[in-house]
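Pasting a structure here, questions to come.
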Amino acid sequence: MSELASPADTSPIVAVNDPFYARVYGESYTKLPDDLYIPPDALAVILEAFEGPLDLLLYLIRKQNIDILDIPVAEITRQYISYIELMQALNIDLAAEYLLMAALLAEIKSRLLLPKPSQAEDDEEDPRAELIRRLQEYERFKKAAEDLNELPQEGRDIYSAHAEPPIRYLLPTEPFVGDFSLLLDAMHDVLKRAELQQSHVIASEGLSLEQRLKDILSQVKSGESIVFHRLFPAHEGRLGVVVTFMAILELLKQKMIEIVQDAVFSAIYVRQRLLEGEA
Amino acid sequence: MTLQTALIKQIIEGAIFAHSTPLSLDDLAVLFVEEERPTRSQLSALIKEIQQDYHQRPLELVEIASGYRFQVRAQFSPWISKLWQDKPPRLSRAMLETLAIIAYRQPVTRAEIEAIRGVVVSTQIIKALFDRDWIAVVGHRDVPGRPALLATTREFLDAFSLKSLADLPPLAQVRDLGLIEQELALRAQSTPAQVQE
Amino acid sequence: MTLQTALIKQIIEGAIFAHSTPLSLDDLAVLFVEEERPTRSQLSALIKEIQQDYHQRPLELVEIASGYRFQVRAQFSPWISKLWQDKPPRLSRAMLETLAIIAYRQPVTRAEIEAIRGVVVSTQIIKALFDRDWIAVVGHRDVPGRPALLATTREFLDAFSLKSLADLPPLAQVRDLGLIEQELALRAQSTPAQVQE
């Protein structure tokens, strides 16, 4: 992200939003005074405040408050080259583009100084035209970049509003057949309750697994879902619980019933398992 | 307090919506310069008002361990969950069991967790729980080896929308650990998870 | 449509709040099974209602390129921004200029960007724009080297609260080059001394 931070942020030399001038310690800075010692680093900062030779040229033109179309090529070239020379004198590593531009300006200047062939004038393009075209084009996007920066930016000017997603439920009727530990855990609780009911236990006899299988099946036959705990008659005590539980496991194994739950922490239901195609 | 109460209320409502994690009363207070700063009781009263304002809406302003956040009411889950078609992988069962034991039995040592689960608790599971900031070492059991005592954190409470450990379903009522796991697994889906084991 | 309109409205409101990125009408439609699915115009109407409902609140439901999102109204930004210690990094001029050229001239190659800016476009800038998902490669120019054609993304529009590229601020007009030359010729005739030293 270092390239995002403007070098001007960390320096007394500030490239003001208005790109046509720079400020040094608050003073408008439009040329390099001979009597002022400027540390090389500071000049590098000035240079970095320009986005390239076109930007520097625009700055020089705008500084003099002249129309791009009226570029006084000779004067601008002189200023431009004096900037470049100073940078070089200070050993600032100039991007090659700056030197290319200096060469181009020198060429334009020399062509403009040549006497014009009076008749062939219409054929030959003004040597400034291409440069003006590029300057104009660059200036458009320079402005567009400023406009873009004015738009409300998410995270800078705009904060989006969010809420935590809802707590998720199980999909209704998603069977957890096969999750035996779930049932085993549930059993613990059932057994605990059965123990609390011990005093009510009467002599239990004739609790057969077969009978219990049939009982459970008949309870769910109608297609009704039966709350898991309801299948355990409290009065039967521990043995009844065990028999019922074994019957449930057996029916699960035979795929005669399934265990479902509509929502977390809601009751567990036992219901008849429909055959394929019946659903 | 020079700001109008109505403005303060709007600011705190906007702030809770804008921030990605819950905001406490203290977090809210620092949004205001000192001379404009509402007191905690003023903030609390405004929060109550906002909670009222959202009474008819599909979201609610809830308080959890680390502060206040807006949350979409659970009854809309069947539709809204479809936004996340590619469900992040579930937390592994082993991880959830371990977490459930720590939550209900804290502080516990790893050996104690292993005794309850009946299997060795893998280092990855413990590490994954630490990585998520769901558990922390809160001390050491004064036995040979001085094993670390593990407990759950505020982040754990936040992740599972609990205000405090007291809000965990009481173990007596909980039919089983499995259900807790189901619950935990479902809630944790909203946080991207990598499956351990 | 068997669901009550009120319920559908609550579901879409909750969904927009719950999702981390904006939701389009199509995104919202798929939350409902086919027989319950509202039409796009029904959804639009409900969104208008929700926008009305939030009239008095510090939030607004806005439409941007990739859909609808809630955002805190801009007038509360001075307070809300205090939630974050670190201000978001300023976009550099180089990055903004590069982005502007891509936005207005898309699709463009890197060489074309460099031609306009008059300097080499650093790899870091291009990478930073990719990292933010603001630009993407949409093809290759059929010239030697087959350079990548860059264009802006929906995320770019979202980040700048734009609905479409048409909402970009208009690009300044350039005076036609033919006219420029004529003008230059005219001026050269009227002020021939200007170019002399």
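The chains carry the letters A, B and C, assigned in the order they are written, with residues numbered from 1 in each.
Here is the rule we go by: a contact is a pair of C-beta atoms (placed from the backbone, for glycine too) under 8 Å apart; a residue touches a chain by one contact, two chains touch by 3 or more.
Bear in mind that the values here come from a model prediction, so they are computed numbers and not experimental data.
Centroid analysis (C-alpha atoms only) places B farthest from chain C.
Among the chains in view, A has its Cα centre nearest the centre of the complete protein Cα set. For this pair, chain A with chain B, the centres built from the Cα atoms lie 24 Å apart. Computed from the mean C-alpha positions, the centre of chain B lies at a distance of 35 Å from the centre of chain C. Distance between chain A and chain C, defined via averaged C-alpha coordinates, is recorded as 14 Å.
Taken residue by residue, chain B touches two or more other chains at 14, 17-18, 59, 70, 72-73, 76, 80, 83, whereas all remaining positions touch fewer. Under the contact definition stated at the top, the residues of chain A that touch 2 or more other chains are 159-166. The touching residues of chain A, counted against chain C in their complex, run 1, 3-6, 19, 51-55, 69-70, 72-74, 95, 97, 101, 112-113, 121, 125-126, 128-129, 132-134, 136-166.
Remark: chain B residues 10-11, 13-15, 17-19, 23, 27, 30-32, 53, 57-59, 70, 72-73, 76, 79-80, 82-83 touch chain C in the complex.
Looking at the complex, you find that chain C touches chain A at residues 14, 17-20, 59, 69-72, 74, 77, 80-81, 87-97, 99-101, 103-104, 116-120, 122, 124-125, 128, 158-162, 168-169, 171-172, 174-175, 177, 180-181, 183-185, 187-188, 194-197. Taken together, the chain B residues at the contact with chain A in this complex read 14, 17-18, 20, 59, 69-78, 80-81, 83-84, 161, 169, 174-179, 182-183, 186-187, 189-190.
On the chain A side of its complex with chain B, the touching residues are 159-172, 179, 181-182, 184-186, 188-189, 261, 264-265, 268.
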